[in-house]
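Okay, got some structures for you below.
Shared between the two complexes below is chain A, which pairs with chain B and chain C, respectively.
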Partner chain A sequence: MSERARLSGWTIILLTLALLPLYLHSARWIDFLEMTLFVAVLGQGWNILGGYGGQYSFGNALLFGTGAYIQALLQFKFGISPWIAMWFAIAGVVAVGAMVGFLSFRYGLRGSYFALITLAFAEAFLVLSRSLKSITEGGSGVQLALNQDPAQAIATFQFNFAGPFLKEYGFYYTIFTILLVTYAITWWMERSRFGAQLVAVRENEDAALALGINTFKVKLGAICLSSAITASCGVYYVQKFLFIEPGIAFGPSKSVEALFAPIIGGLGTVVGPLLGSVFIHGVGEATKMTIGQALGGRPGVDLILFGTILILVLAFLPRGLVGLVEAVWKRLSGGRDA
Partner chain B sequence: MELLGFSLPSYGWSTIFGSTISGVFLGSIYALVAVGLTLIYGVLHIINFAHGALLMLAMYAVYFLWNILGIDPYLAMLIVVPGGFAFGYGLQRFIIGKASHGKDEITLLVTLGVAIVIENMALFFFSATERSVRVPYDLDGIDLGVTYAVYPELAALVGSFLITLALWAFMTRTDTGKAIRAVSKERQGAQLVGINVDHIFAVTFGIGVACVAAAASLLVPTYAVHPQIGSLFVLIAFTVVVLGGMGSFVGALVGGFLIGVTEQLGRLYLGESLGVITISVIFIFVLLFRPTGLFGVKAG
Partner chain C sequence: MTRDISNKSRRDFIKIAGATTALTATGVFSPFVARAAAPVKIGIVHPVTGWAQYSGSQARFGAQAALKEVNAAGGIKSMGGAMLEAMLGDAQSKPEIGAAEVEKFNEGGASAIVGAYASNICLATTQAAAKHGIPHVVDVGVSDKIVSRGLENTFRFGPGFGAITKAGVESFLAINKAAGSPTKTVAIVNEETTGFGAGIAKIMTKGLAPAGIEVVEVLSHPTPNKDFRNIVLKLKEIDPDVLIPSHYYNEGVLFLRTLQRQKVQPKAIYSVLGGASSQFRFLSEFPDAAQYVMDCNHWFDPKNPAAKALQAKTNAAGLHFNYEVFLAYTAMMFTVDAIERAGSSNRAKIMEAMASSKWSGSIMPYGPTVMDKGQNTGARPLVTQVMGDKINVISPSEYASTSAVFPRPA
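Right, the complex of A and B next:
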């Protein structure tokens, strides 16, 4: 696809995302869109290191959970403003990510071994968050006080009792802004020298090293960027739900959600995680609306579908939905611009 | 004892010894689950993320054989082990092998997809309810002085040795075993001398799942079955496999016992909830400082 086609594609996507909720005007659909964008950001966090860098993390919940806990605990224990807490959350997660990255890459862990160590760190933090009651409040989690004063809505970063517009759309435009910023960073990264070096590491790490690329530094940079993006998801989650507990924070479900979207959408592409997230949540919602009644609301259907889609995409669409869209585009435009 | 400001409780020798013994029993169960995982790693060079889900599925099979047909969990082994082999063979040959295009990192993701599908199918069809099998002899056992060992624990201990021994004999004495070892050492070379690598991969995966099915029979009398039971064991099994050395049977056995004892002592000293941190800590340290484990050879 030409750069022009890409730009017009992005304009259409972003305008749709910016205006759709105003048109839909329904709490249920806005919730659905919020969740879709949330997973699109979570997926981009994974995509930076996994998609561009070829380092598959199976423990991104470590980054999400640490961010969420810092955001929640700074407010809960010290009454720090959420707008200040979020910078500590991002910095804290980058520090944790850098530590994991430093240890893993310093000792040359690749492939299965890197996947396992990320999983191990997430599990260790799960156990710690459950056991260290004096710091984390233990298994019952942290519940933030609900602000009921409309005048304080922005100061407390809580929109439940805000004015009509903020109450309805506040969190949607929060996650939309986070999406804009993180995707712009990814777009910039893809075109930068650093991005090219990261892709070189993915394609052939030894060759990249031989060409004089400091692969350790490049991978460390990628895990830091990945951490910052994933941290923003943790911050968003806490402000929206005002609650965090060990299972949600560090359990395997966030790690899995983070990798579904980019793999299904298209690894190592800016739009991939968004496309993947829209697709899986769209399919999930469509299933609920069509045969949900027949299934009697039993749990598990979503994930059976997502897992099946994952396997099918891996089997038949090695470049994900992005690859499919590009192939269709090529055919429609008569193969003129590839 | 004082350690970094935390005071550790002090116990008598009999308490410590009792914890160690129960750690050995727990470890034999970990070893059982890990043996199949290490075999699959040794040959296919991938971590099978579906291992826990397959264990859970086999436990449901054992449960339903007991619940519907009244078959004793230990006798059920005669059905679930061949069944597990067939299921594993088909899964690798027709789904995992086909979907992963021979790339290790894709295989990893496919097994994760399989795990998610199986776990949620169990949740969908069987619900999250815990189901347990009560055999008439589950509380009988032998008094060891410091602790009391029930027959299901003893069966798991003996079973883990027998299964490891049987696998070792199979790998060294049979032609298929030799073919598996040939493929694990030199994939392309094995293909050149006429070994059907796809078939051997599927046989290996099948044997791995058969081991998990045997483990399921031995677990059901002591552990309740629910859709999440696999994930409880799988992370520990990963730790055992990495500690013992990926691909090593003896490693899986020794690693299983070491992790079991460490976990029980960890629980004794650090408390029920923080005690399991010892497993993650061992896992991280082995991965970083000795990724070949205790008995593994350097990965090629």
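Right, the complex of A and C next:
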């Protein structure tokens, strides 16, 4: 696919995402889009390290949860503005990511060993967040004070009780902005020297080392970038739901969501996590609205169908949806610029 | 002849049509119009898939049972017999999915919401409902944070964690005193994952100290917990007079069975919000391990015939008559009462009716409803004890069917 075609594609996607909510007039579907973009950003965080760098993490919840907890606790314990807290959250998560990366990469952990160590760290933080009650409020979690004054909506970064536009679209355009920034960074990274080095590490780390690439530094850079992106999801989650507890923060659910979107969409591509997230949420909602509603008395049947569709995608589209789009494009364009 | 009839019919038709239009415009027929056209939609959201699937499904059954009962009895009388229509939502045991279901209810025109079992889901659903001004009745969620945020749309008919624990201390002291105060030491075994069990030790220690009862050990564990052997061996070593466990169903079953296997038999097992201690399912599956276990928990008024009818209905459906069922049933009935008094499907009017509710027709031992910032202050737990194949209420005395067996026989 040519660069021009890619740019056109991105323009269409971003314009659609920017304008669609304004025409939807539906809080339900805006919420659906919000959650889709949220997972798309979460997936991009995983994709940078896993898709581009080949370092498969099973514990991105560690990064999400740490970000969420820092964001929540700085407001809850010290009354710090959420707009300031978010920078501490991102910096804190980058520090945690760098620590995990340093310990893992310093000792040459790769493949399943790296996956296991990330899982272990997420579990350790899960236990710590439950045990360190004086800091984290333990299992009962952190509940932020709810602002119901529209005049304070922006200052408190809470849009549920804001004026008409912010109430409806505030959180949507927040996550859309985060998506724009993170995807632009990934776009830049893909075309940068650093991105090329990261892909070289993924393809053959020993060969990359032999070519003079400082693989340790490259992987550490990738985990820091991945951490910053995933932290922004934690910040967003806390501001939207105003509550965080150990299970939500460090449980396996967010780790799975983070890796599922890019795997379904297309590993090591900028658009992959977004496509994957749209597909997962779209299919999930479609099955819920069709078979789920038809069999309302038998909950979970829609999830079985949803799971089956995902398995089929994984089995027959090894390069994910991006691979499918490229194959279709190749056929349509007669193989001119595939 | 034919022409005459035709002319007459046309004139009659014009008369009837004119009269009908006038009467409809003046509102004479409006109750009939409302009955025909406007069912009252109620969102029912529970985690019917995911980790809380069992309890969520039980709660959904309770809410639906209430709704069917009301419809079978002729619907909302003040609205000309308007039927209730359930909008079912599955939170998939995740708060964000629960909040998304609320958005659907809002678009679908729900007048009220009942749900959502787990505290963390309730926090998200009540907040999302507040955004649209939808009254939300919390059925189970015991975290006191749910009703302490100043949300005008949020109501909890049942008691919260703090009230249950305080009542648990008072009832235990009364039972202990009646038995000649044999308790000197207590050990608490609580879950610490979701928070409801985490505050128990603090309140218990503070409440038991004036009676000269020492809390010798607090053993916390996560949820889920697959092995209680270490905790039980520790308890064997400490040998407290009374054990106070507090956790979810699976952990409750495993803990009580491990106690039985390790032959640890204190003078009493007195649960506060014990997951399995007052569950008919546990009693039917493990009758020996359940014997003489006491529990301070949500419980229905055992003398109420409607409660017995619901129990029969639940059993007939192949489900267990647990707290999820009767709390969700009651939350729905409370909602229906508010709609009945509001005489409207308008959300604000229903909310007003809920806030000023004095409803006393529930199957729970609560008395007239008194809402204080969304919490029914009349709500209270009861203390039960397993005796043979029955779960009897032993405290407070006005609801007790028998007195406590304490200390338990060896």
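Methods note: the second predicted complex is superposed on the first by the 318 of 338 C-alpha atoms of A that agree within 3 Å, B and C clash if a C-alpha of one lies under 4 Å from a C-alpha of the other, contacts with A are read in each partner's own complex, and residues count from 1 in each chain.
Assume contacts are C-beta pairs under 8 Å (C-beta built on N, C-alpha and C of every residue); 3 or more make two chains touch, one makes a residue touch a chain.
In this text, all values refer to a predicted model and were calculated from it rather than measured experimentally.
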Checklist entry - Between chain B (first) and chain C (second), which does A:P299 come into contact with in this model arrangement: first, second, both, or neither? => result both
Next on the checklist: With both complexes superposed on chain A, which partner does A:L116 reach: first (chain B), second (chain C), both or neither?
Outcome noted: first
Next on the checklist: If we overlay the two complexes on their shared chain A, which of chain B and chain C does A:R130 touch? Say first, second, both or neither.
Outcome noted: both
Checklist outcome for this item: Counting residues of chain A touched by each of chain B and chain C, the higher count belongs to B
Checklist entry - Is A:A27 touching the first partner chain B, the second partner chain C, both, or neither of them? => result second
Checklist entry - Looking at the overlay, what does A:V256 touch: chain B (first), chain C (second), both, or neither? => result first
Next on the checklist: Let me test your reading of the model: by the given contact rule, A:P318 touches which partner, first (chain B), second (chain C), both or neither?
Outcome noted: first
Next on the checklist: Once chain A of both complexes is superposed, is A:W10 in touch with chain B (first), chain C (second), both, or neither?
Outcome noted: neither
Item to check | Intersection of chain A interface sets (partners chain B, chain C) | outcome: 127, 130-131, 139, 299-300, 303
Next on the checklist: Could you list, by residue number, the parts of chain B that touch chain A in their complex?
Outcome noted: 41, 45-47, 49, 95, 98-101, 104-106, 108-110, 112-117, 119-124, 127-128, 231, 235, 238-239, 242, 271, 273-274, 276-277, 280-281, 283-284, 287-289, 291
Next on the checklist: Could you list, by residue number, the parts of chain A that touch chain C in their complex?
Outcome noted: 26-28, 31-32, 35, 127, 130-131, 133, 138-141, 143, 145-146, 148, 160-161, 167, 237, 241-243, 245-248, 253, 292, 296, 299-300, 303
Checklist outcome for this item: Touching chain B in the complex, chain A uses residues 54, 56, 58, 103-104, 107, 109, 111-113, 115-117, 119-121, 123-124, 127-128, 130-132, 139, 252, 256, 259, 263, 298-304, 306-308, 310-312, 314-315, 318
Checklist entry - Tell me, which parts of chain C touch chain A in their complex? => result 48-49, 53, 57, 88, 90, 92, 94-96, 99-100, 103-104, 106-107, 120, 123-124, 127-128, 130-132, 143, 145, 149-151, 191-199, 222
